[in-house]
Structure formats: C-alpha cells, structure tokens
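One chain, chain A, appears in both complexes that follow, with chain B as partner in the first and chain C in the second.
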Partner chain A sequence: MTRWRQVRGGRWSPLAAMLLLSPMALLLIAGFFYPLVNLLGRSLWTPEFSLVHYERLLGEPLYLLILMRTLWIAGVVSVFTLLLGYPVALVMARLGGWKAALVAACVLVPLWTSALVRSYAWVVLLQRNGIVNDTLRGLGLTEQPLRLIHTEGALLVAMTHVLLPFMVLPIYSVLRAISTDLPRAAANLGAGTWSIFRHVTLPLSLPGVFAGTLMVFILSLGFYITPALVGGPRTLMIATLIGQQMTELLNWSFASAIAAALLAVTLLLVAAFRRVLRIDQMAGHAG
Partner chain B sequence: MAELKGAGGAPVSIAAVEKRFGSVAALQGVSLDAGAGEFLSLLGPSGSGKTTLLMMIAGFEIPDRGTIAIGGRDVTELPANQRNVGMVFQRYALFPHMTVAENIGFPLRMRGLARSEMSSRVEDALKLVRLDGYGTRLPSQLSGGQQQRVALARAVVFRPPVLLMDEPLAALDKKLRQAMQLEVRHLQRELGLTVLYVTHDQEEALTMSDRIAVLNDGRIEQIGRPEELYEMPASAFVADFIGETNFLSGDVVGLDARECRVLLDGDGLVTGRVAADGLAAGTGARLAVRPDRVRLGNAEGIEGTIAERIYSGAMLMLAVRIGETTTIMARGPSNGPDADRSVGDRVRVSWKPEDARVYPAAAER
Partner chain C sequence: MRSGCSAKREEREKLMHRRTLLSTAVALVAALTAGSAEAQTNLEKAKQAGQTEVVIAGGAGGYLEAVKKHFYDPFTAATGIKVTTVSAPYGEKATRLKAMHEVGKVEWDLVTLSLDFLNPAVTPFLRDLGNCADVPGVARNGVAGACLRHGVLFEIGGVPYAFSTKAFPAGKPQPKTWADFFDVKTYPGPRSLPNAGVPWWPIIAALQADGVPHDKLFPLDLDRAFKKLDTIKPNVTVWWRNGDQSQQVVRDGEVVMSMMYSGRALKLRSDGTPIDVIWPGAPIDAVFVGAAKDAPHPHAALAFIDFLMTRPEAHAAYANANFYDTSNKDALAQLSPADQRGRATHPDNLRTLVAIDRDWVSANRDKVIERWNKWLAQ
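Showing the complex of A and B:
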C-alpha cells in the first residue's frame, strides 16, 4: 500500500486534501487568478510591452491626488469605526443572555442588508431635499438647503456606517475569549476599573483591534458603491476611478494599471501591518 | 525575604451570610471565624457554596444578607480592589501579555510603589517561590507548577494579611500537588498569613489545614480540626465526605446516652456511638465505621465471606460480604495479620463500639 493511501489517525492523506481543496482552487484560478493576470497583462502590453499607463498614472497629479485621498479616507474611516466600534464590542462582550443577543443583532442586521441599499438610504437622508435638510429647515435652523450629499463628510459618515460591523466583530470575538478570571485577578491585586481596562483588557484585545482595522482599511481602499453614490465626483476614490475608466471611457489598459497600483499598495500595507500584528501576537498569545 | 513579611495575618469573620442566584440558594446562613494566621479549608462537593463564599471574601460577589469582616473591619460591600487580600485562582489567572516579573509587580504598580522598591520586592517574591532568574519569561514559557508558584508570589508580594486560594492545586499531577501542598503550608507559616483554602479534595484539606469547614448545600455541616472531622464526624454527610466509610443501614433496637445498638437490614446486631440527635428505638439508623477500624477475626462479630481482595502496596483492602446486600470494607497494612486471607474465606467482622458512629437514617435534608 502506498503511503498516501494509509489512513492515519485524523490526518488527511495529501490526495484527500487535494480533492477537498480542488473545487475552491479551480474557482479561484478561473474566476480570480486568471483575470488578475490578464488585467496585469493589459496594463503592460498594449500590445507591445510599455509602461506608458504607469507613467500616466504617476505623472498626472490628479491621479496621485485620488490615490492619496483614497488612503486618507480609508485611514479616517478605520479610525472612526475603531472609536465607535470598540465600545460597542466591549459592551457586547460584557453583557450576557438576551441583551448581548440584542446588541449583536443591531450590529449584524446592517451586515445582512446590502451595501447598495444602505448607501441609497444615505442618499435619501442627505440629498438636497432629503430628510436631514427638510428637518433643519423645518426647525428654522437653516434657510437654504445645506450641501450634504457628495461631500467628504457625508462619505466618511456613510462608509463608517457600512463598515462598522467589520470592526466590531473581530474585537468582540477577541474580548469574549479573555478569561473572566483576568479582570478579576487585576481587581483583586488593586486595579480599579480604568486600570483593569488599560493594563489587561486593552492589551489583550489588540489582536482583534489590528484584525478589525486591517479589514476596514483594506475594504475602504477598494470600496466602490458608497463612494460612487454618496461621495460623487468631488470625492472621487480610486475604485470609482477604475470603474469610470472601464465602463465610461472603455480605457481598459489604464484601468488595469490603476487596479494594479491599488493592489500593490494594498499588499504593501497588509505586509507592513502583518509585521506589527505578528509581533503583537507573540506577546498576546503567550498564554 | 524578611521584606515580604507584613503585619502577619488578620482574622476573617463571616456572619450569617446568605446568597441566592435566581432560584438557587448558594449560601444559607453561613457563619465562620478564621483566626489570625490560621489555615482554614473550605471543603465540599461542587455546588456546596464554598467558591461563592470565597468570591464574597474577595469582593467579587456581594451577600444578600450577613456581613464579612477582615481584621475587624466590615468589608461586606467594599470593592474588590480595595480589600487588600491575596488570591490564587484555580487556573492561576496570570496575565499572558506580561512577563513573570511584570505579573508579580502588578499589585505593587497599582499601589504606586517606586520602581527600585518594586524590583527588589519582586526579586524577593521570586526567591520565596524558588523562581529566581525566571523574571523575564512569559507565563506560557513555564510549566503548570511554575505558573502556580508565580501566582502564589503575585498574591503575597503586596503583603496582604489574608490569602484566598481557590482549588489552586487541582490542575497539577499528584506528585507535584503533594510537593506544592508542603510549599504552600511552609509559605503560610513563614509569612504568618491567614489562609482560606477552597478544595473538594478531602485528603488535601486533612493534610494542610489547621481547621476545616465542611460545606454542603450552602450550609456548614461541621467545622473542626482534621482529627475531629475524621474521628467525630457530626453528620453522615461529613462521615461520608471525609475519608472512607462503611455505611450500614438498620433499625435502632437499643439506645442509651452514649451507645446505640442497631439491627442490620441484612441481619446482625452491631453497636456504635450516638453521633447525632434524632435516634429512637424502632427508627431507622445508619452506622458508620472506617475501614481501618474494622477488625477481622474468627470469634466475635457478624459473619461474612471475603468477596474481594485489593492490594495497593502499603495497604490491603478486603471486601467482606454480609448476607445478600451488605458489603463491609476492611483495611489494614499489607503485611498485617489479615495478609494471608483470601477470597472465599469465612470471617467474622467486628469493631470497638467507640469506633463506630450511628446517625438517624432519614438523611436530615
């Protein structure tokens, strides 16, 4: 009997593992990897090899501005979701029974609603004759409708709202995993509520904070629907730019070059972030 | 090491404490006094309320009724972080993101000690538990026994007058547990601490304690020195929980102030000391006798057959079958007079009346 056919306690033979992985692998290769390679190819061969699209991307200040804006918005959204999401995760982790379930539902229900619907809801709220403007005028606070939609502020609020669950859930799951003995031990040793949080809960929750921040940041970088609907042309983000180049200008090669640049920036940030994450986990997992 | 000696122990006084969790009564009127420097164990099965009681002394639970005082000061509703009692948790509860030295230094840091004072106290504490040189390791890099000793050092480094321990040795293997029992006892004497020690292991409680409080169903069944509990259990529960006991059921046929004669269900007349109220001629009774007090012979006592012979090194246990339903265990040294008895032999079983205790059958609660 050959080695790979032996069944050894609970371990899959390499063949069985390959069989189990292959449907997913095929899908990824056909649906993701091939188009990606194809995309990269289009940005470099037109049809001869040329860096002309990359030169245009880096040479034109507008495109760099859009890239910087995208990074800025992704950064601000990450900070906002962290500031809003951490307390929610903390409360969820502390509560028990139906109360925790209720808060969890409040966090999860938006996640089950499509981002498109939620973005349109923000449009309805913020547009020129929308609910917010009508209310403000009704109360006599403003005479003219304020310009709310298609501003950076509106985009930040809407994206924070849409991406909040991605911050809350990883932090919550890490907080839940902290043994209740640890805060108790800290209290027993003389720590007050703030000290317990500062010295025990917060440092032990950092892996969740990093995971949530990374997820929100990367999702923000490539976010398409909300920036397109709520942000408008004045707060053009990179994904929207790619979409324009493809669907409106049919400039597939240039769109590919921008997409490749976005991918490179994202991978770079993930790699940088992972280094921080790994160092943290060495300390955090020691236990 | 002298630096770790604080003002010695403080007395702990618990008066008529009650606690309910929903419909479950965890503690029903528990009163208990631990003297300064005393090693008092809280012994009982799970759900007996012993851990709840400890959590109240630590300040993690507030009693519904009753008071708790440490060193003469009422602390019933004082927050946990102001109580200044040390505690060793069952799973050590070391902070995984801090080194051993940071863990031990934590209570000192919370008390705002100067850095130099702190590190010398931490060094002393590490020496005390024989872990000098381990300060820079993380808890995950230590064995279970070492983690236990770090938890112990952390719990005494701020010189608390009272040390609470919640089954601290339950996770260790037997050899290590026995070594740690001696170490804990030694440390307690060295520092003069009052220790309240929760355990479900009666052997551990007998070995370590000055006194033991046996808890059952949220009440204290008996408090006493280990010998008192073993020799004179106040209830059938205590007799059953502490050490091994043969229980024989029957009816009371004769009773005076000291002794009680019981006619066993499986026939045979036996005698024991009256151990509890509620015995009367004609009522049901349970007679308890330790296997090591049971004597085997050929002349006197009730007759039976040896059904099993269990050899365990130093000791030999013989199971004697009496009638249809009763089995009496007898234990003696494996090189003793009963060493050559074998399965199937007919023997007579007896004991001195003062070695057996009779309790009413209708198990009180």
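Showing the complex of A and C:
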C-alpha cells in the first residue's frame, strides 16, 4: 500500500503518477494532439503530398506581412500588460485582508465579462461621438472629433485591457510564494528597497513574468473579435485570415498551412524567449 | 369482288380500331400511373418513410422568431412534422456542413445561406435539385428564377448605401449615385464599406462611381476598381465585418454614409434613424434554402420547401417584419405601394440593381479576396 502510494519521501510511484495523469493525457490526445496532427496532415496532403499551400504562403507577401504584424501586436500588448500588470501584482502581494481582496476583485471581474462586451465598451468610449471625444470637445481641447477608434492604438489599448488579468495573476501567485524571509534577510544585510527589489524580488518573480508574458503573447496571437470591432484595416491579424479561409472560402488545407506556420513561429519564439530568460535554472532556484 | 374488298377493309378498320383502343388504353394506364406517382407528394413520401422531423440550420434572434412564426410553426401545424432549428452565421454553417460530410454524418436537412455561398466550394454538399421538378411548389408559387439548382431562392434584397439625412438634409444637395458616395468634396464626412468576405460589393460600387454602367460590370476590372477605391480609402473610417456593426456605425453617427444590407438599412430607418437608402447600382443579395446532401429527412425537407413557397400572405407579413422581399410571386402585391417602392424587387429598383455573375465570382473568388486583403492591409 505504501509502495503503491508513496515512495522516496513524498513522491508518487510511476504507476500512480501515470494513473493520475492519464485522464488529462487522454483528453490532450483526443482534443489536442489528434486535431493538431490532422491539421498538419491537411496542409500537406491534398490528397497527394504537396507543398503547394506553403508555397502560396511564402510566395504571397500578404501572409508574411500579416504574420509579422500579428507578432508585433502580440509583442506590444505583452509589454504593455507587463508594465501595467507587474505593479498591480506587487501591490496585491504586499496587501493583506480586504484590501487584497478588493484589488483581486478589480482584476478578476473583467475576466467574467466576455471579450465581446469589453471590446464594445471601447467602441462606446472611443467612437466619433463617444465619451472621450465628447469630453475633449466639451472642454474645448479639440474642435473636430479625433479619430480614435478603428486604429492600431485603439486595438492595442483594448487588447491590453482584455488581457491584463492573464499577466497579473501568474505574477501575483509567484510573488506570494516568495518567502518573506528573503527580503528581510537582504534588508538585514544592508540592502535598500530598490536593491531588494532589483536583486531579490524581481529575479525570483521572473517565472511568473515568463508565464504571464507567454500567456498574454499566445492569447494575443489568436485574437479575432477585438481586432474586428476596434481595429482598423491595418490591424488585420492572422486569426482573421485563418477564419476567412476556414469559413468563407472553405479552403481548409490553406487555413491549416497558415495555422501551422503560426504555430511553428510561436514555438520558435517561445523557445528563444526561454533561452534568453534562462527560465529553467531560475525556476529551479525559486523552487 | 367489291364486297370482298369492302369486307377486307372493314376487317382492317376493325383491327385498326382495336389497335387504337389498345394503344389508348396503354397510354391511359401509363398516364394514370405517372399521375399517381406525381400525386404522391413530398409530404406523403415523408410520412411513408416515417420522417417526422426536419432540421433547419438558419439564423438567430429576431430573424429566427420571424421565420418560426410565419413558416416553421404553420408547417408543423399543417403537417405534424416537427421543425428543429440550428442557428449559426453563414460561413459557420457552410463550414459545419462540409465537416459533417467529411465525417459522413449529416445532421441537417435544410440550410439557409446567402447567394455568395452558391459556389463550387459549397455546392458539393447540397442536393442537386435540377430544375426543381421534385419540388412543384417552386414552379407554382415562386418568382421567376426561384429555382437555383442547388437550392431555392427565399429572401431577396440588395446592398445599397444609406446616407444620413441629418448630414445631408432635404433642400440641400443629397447623394444619389455611387459617384456621389465617392465624392467627398461635395458630400464630406466619414464613410463605411463592408469588409465581410464579399469584396466584389465595394468593387462594384467603385466601378460604377468610375463610370461603368451597372449592367456592364462583369468581368470586374480590378485594377480600375482598386484605383478608384484608393481615392476614398482615407475617408472610410469603418470597414464593417458584420451587419450589426454596419447598423451601429450609422445609428451612432460614426459615419455619414454606409454601404449596407437593404434589410438592415430599412430596419434602421423604420426605427427612426434619419437615413435615406440609395438603390440604384446596389448589388443584389439573396438568401436561398439548400437541401443538404445525404440528409436524415430528405422527403420532409422537400415537403418543407414546397410549403415554404405557398401562402403569399405569410410572405408579405414576414417581409414586412424583416424588410426583405421573398420569393413568393404573389407576396409583393400585398405590400403597401410605399413599402413596395422601397423593396429590391420593385420593378423600378430591380432594373437598376447589379446581378452578380456567379460564375465569374466562383472562378475568381480566391484571387479577389487575397487582393482585397492586401489592398486593405497596406
């Protein structure tokens, strides 16, 4: 019984671990790996093996342009959410009791509203006769309404807003897990507030930063609704093109090829990002 | 000699008479059998095959309520066949139909799609109705051209443009043509055009603004169209992705003119938004009902189409609620003259509308959409 459950000081036996993991693994195989293999197959066999869809992808500058633009938007949104989200997570981790709960609620409540509603809220705010333009004109700051909505700026603001919780929460959970002894020890050794943050808190929180950035970046890549509502023609993103091939042209093979290219580029970027941050070692230290 | 001759002739005549009788009888029997086969309606076939349900993939919201009230519920009341509805946008329906055929299990009997989906990517999944001989209701009650081979015409509208009568009130110059839509000097203000997977609509608008007559547009001169579109691009602040959005930007005064679905524009106007609708040069847009290939209840599906085409009063009531004409040939006459004038199938409007050359669009769809995306993303 003991051998069944636990061996070597609290670790699960391989059999038990396998049993525990199997439901998730089955779900992943059926719901993720099988469709993924199917998708890759579809982009390559039509029905004979052919690279024609990838040739089109590389031959037509539109697709590379939109892919680069999508990565750019996802990158900028990741940076914005990090800049806005890290201080919030830091404050949340330091606060206790009802104050922490209040901040947490402010971060979480938007998550319960659909992206559609949050995107429409930005339409209401930023449109020609919207709240922002009316206020600016009311204050006499502008005469003509500014073109705020359907621009890249509007899209970046709206996406940052929609995705902010996905940055705050992972950073917060890592910051909470840092033992309070560590900054205290640093203070005992004579480190100032900035020095403690720079040399203790920040490095230890990097796994959270990595997780948050990764999540925001990857979610941004697939954004579909917000660009349609608040973006303009210059913010056409790759998910829109994939959707167009899927549902308007029913060209599933080409849609699969675009999706596969997006996946490949994303994996490469994530691997590079990991390497730069040397996250494995960091995670080891933090643990 | 004479009598012998006449006897022979008599004999021959008798024989001939008998033959005529025989062939008449054969013809009669054949006609009767054929008659009985024809007399067995789709409804009887559905009943015989035990098809007590029909699954229709249509729209959602107010649209669904209207079709349910005027067509689905009366059909169930008249036939006892239950109507099960599925709601999804056109593109999603086409995608799901294709997916159902790939896995070999089609769950839908009927699907409503816009005419743009009547192309070679979709028709393999729709039953070929030929000249609709199996659905006699179409010929009996439908408008000319109601039979589309892979479906039956249901709603008819267009994609005109609406302009704000607040921005361009009566008594001052008001836009009347596509050239006016593109004339930002005389008619200043932001515009909206569709970016909804049908780039040939704004292309058709641009070509007419550039002087191409509405009946000489196809094959579309893309170079000329994009050159004209270049001139208006800075003034198009919203490229709408769906009908809701097109209504929202006009209602909120985000733009002073927008190309939009006629039903959406007429609905806005009847809700009190100060707009006028410019029909001349609007591309025709229509919705058809297709029967899914390998459907679970094929006879019930055809019985529904037969039923759908009947009852002009239901069509008129539905058209009044929904602001689109329908394919029942007697329905338009039931609308008030003022309402008729606003509809796509009113002869004065129909004459000026642009019929989409579906063969051209099917052959050039990919190319045009790719070029459109590229142009828009620049």
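What we mean here is this: the second predicted complex is superposed on the first by the 234 of 287 C-alpha atoms of A that agree within 3 Å, B and C clash if a C-alpha of one lies under 4 Å from a C-alpha of the other, contacts with A are read in each partner's own complex, and residues count from 1 in each chain.
Basically, a residue touches a chain if its C-beta (ideal position, glycine included) is under 8 Å from a C-beta of that chain, and two chains touch if they have at least 3 such contacts.
Remember, it's a predicted structure, so these values are computed and weren't measured experimentally.
Overlay on chain A: chain B and chain C fit together in the combined arrangement.
Touch criterion not met for A:48: it reaches neither chain B nor chain C. Once chain A of one complex is fitted onto chain A of the other, the partner contacts of A:143 are absent, as it touches neither chain B nor chain C. Look at A:234: by the touch rule set out above, it reaches chain C but stays clear of chain B.
When the two structures are aligned on the shared chain, A:62 is found in touch with chain C, with no touch to chain B.
Taking Cα centres throughout, chain A sits at the apex of an angle toward chain B and chain C that amounts to 150 degrees, reported as a multiple of 10.
After overlaying the two complexes on the shared chain, residue contacts for A:249 are found with chain C alone; chain B is out of touch. Put chain B and chain C next to each other and count what each touches on chain A; the higher total goes to C.
Minimum C-alpha separation, chain B to chain C, in the superposed model: 47 Å. Residues 179, 181-182, 184-192, 195, 199-200, 203-204, 283-287 of chain A touch chain B in their complex.
Interface of chain A with chain C (complex): residues 60-62, 65-66, 69, 123, 127-129, 147, 149-150, 228-229, 232-234, 236, 241, 243-244, 246-252.
Against chain A, the residues of chain C that register as touching in their complex are 89, 91-92, 94-95, 98, 121-122, 190, 195, 197, 237-239, 241, 245, 248, 252-254, 365-366, 369-370, 373-374, 376-377.
Chain B makes touch with chain A in their complex at residues 58-60, 79-87, 89-91, 93-97, 106-107, 110-111, 138-141, 154, 158.
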